[in-house]
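Let me begin by presenting the structure, written as structure tokens, before commenting on it.
Letters A, B, C and D mark the chains in the order given here, with residues in each chain numbered from 1 onward.
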Amino acid sequence: MARDVQLLTKGFSPGKALGLFAKAHPEAGGIASFVGKVRPDKDVKVLQLIHYDRLTLPGMEKLATNIEGRWQLDGLLIHHRTGHMRPGAPIVLVAAAARHRRDAFEAVDFAMDHLKSRSWLWKREKRGDTWHWIEPRDEDHEDANRWEI
Amino acid sequence: MARDVQLLTKGFSPGKALGLFAKAHPEAGGIASFVGKVRPDKDVKVLQLIHYDRLTLPGMEKLATNIEGRWQLDGLLIHHRTGHMRPGAPIVLVAAAARHRRDAFEAVDFAMDHLKSRSWLWKREKRGDTWHWIEPRDEDHEDANRWEI
Amino acid sequence: MAVTVVFIGKLSDLAGEAERHIAAPLTWAGLLDALDAEVAGAARDERTKVAVNGEVLSDKATLVAGEGDEIALLPPVSGG
Amino acid sequence: MAVTVVFIGKLSDLAGEAERHIAAPLTWAGLLDALDAEVAGAARDERTKVAVNGEVLSDKATLVAGEGDEIALLPPVSGG
């Protein structure tokens, strides 16, 4: 299986990445994907994601290995931003190419649940002139608990 | 909610459609999508999807209305091909933009299960010089039966 | 005008045509009489559905079509 | 070389620095002694995890770091 796991320090185009991924997997019957963006909510001006070199990307690779063991995929892509992002900017793109639709869906769903609650990332957002640290929402933990992880 | 439901008689680019959809929904926190393609399987040379004007697109619109009532979405896109397609060609693109990830995922998953087993489309494939009519796979019916529809 | 009968999918293979016109008014019994035996048999199959002007009938036996109406004979869908 | 202690996320706010160097060898008790009271308190929080050279410890009390090792103090993750 072809795997493409990246921690990105600069802005990226999910559409472009997805197009290349689709081209790389002509043999797959289907591709499921999810793009997460910084929500243009409240008065958030900037979001900052902080990673730790020795854990964050290795953790994403472990997640990919776990996913490859659970579902039959032709390809898996996980791109995640770190650093400063403006509202509306893409944070994460996950895509799975598979022969069977259900495998692709579940792999992406699982990856997102894991990334949102268990990845080695720390987040703060700037409202007005003040930075606020963000903890995972209960909802994200519940999503992750749907799987046996 | 912005809805874009189309029955397409010519080839299309899912990547391009998805890019436009993402641009049209800057307010959404996430976009889930699925692209289904003609599998380059066996010795299938051509796939033909047949629709019936008075039912197929109206049925897709009804599906969209159903989805809008079930999940909280900012946007929903359903593009489905009809006519003759070569192996590797895209058949269907479904995308849902939503504030909450789970809504987007479930809407796309539901739409695909419905389209694969209950849409007003008939399919035949040409193997060698002979056309063969295709009936839905049991697997597709089981997928659709996961939902109360 | 008469009634237009549209054959979908493998029913058009069986009928050897995509559609035909039958004099109105037309009932379910009248339609079966007008069709070739093989096509009539396929139409009777419980998995074959019938629509009149885009409305699928829950009971085919209730079919009544008049001048200008379009009847569609729909084999089991294959899905997309 | 000593031991590098990396403060992640809000722990770096508390510590007022991203990392500092402490003489090796270093145990959990030694680390807590070397940190400001407030940072030590946050390090003790059961939700704060500790990694040595990228390996997360299942029990912080077992921490032993030598010359050149990197200790990371990790507050609860926010997720992506």
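We adopt the following convention: a residue touches a chain if its C-beta (ideal position, glycine included) is under 8 Å from a C-beta of that chain, and two chains touch if they have at least 3 such contacts.
Everything numeric here is computed off the predicted structure, so don't read it as measured data.
Trace the shortest sequence of touching chains from subunit B to subunit D and report its length in steps.
The fewest touching-chain steps linking subunit B to subunit D number 2.
Which chain's mean C-alpha position is the greatest distance from subunit A's?
Computed centres place C farthest from subunit A.
Counting in whole Å, what is the centre-to-centre distance of subunit C and subunit D, each centre being its mean C-alpha position?
Each chain reduced to its C-alpha mean, subunit C and subunit D end up 76 Å apart.
Using Cα averages as centroids, what's the distance between subunit B and subunit C in whole Å?
27
With centres defined as the mean C-alpha position, give me the subunit A-subunit B separation in Å.
Subunit A and subunit B have C-alpha centres separated by 24 Å.
Provide the list of subunit C residues touching at least two other chains, using ranges where the numbers run on.
Residues of subunit C never touch two or more of the other chains.
Name the residues of subunit B that each touch 2 or more other chains.
36, 116
Which chains touch, pair by pair?
After working through each pair, the chains in contact turn out to be A-B, A-D, B-C.
Would you pull the subunit C residues touching subunit B in the complex into a rising list?
Residues in contact with subunit B: 6, 8-10, 13, 51, 53-54, 56, 70, 72, 74-80.
Which positions of subunit A touch subunit B when the two form their complex?
Spelled out, the residues of subunit A in touch with subunit B are 14-15, 18-19, 22, 26-37, 39-40, 88, 99-102, 104-105, 108-109, 112, 116, 139, 143.
Which of the residues in subunit B come into contact with subunit C in the complex?
That would be residues 36, 49-50, 52, 54-55, 58, 80, 91-92, 115-124, 133-136, 140 of subunit B.
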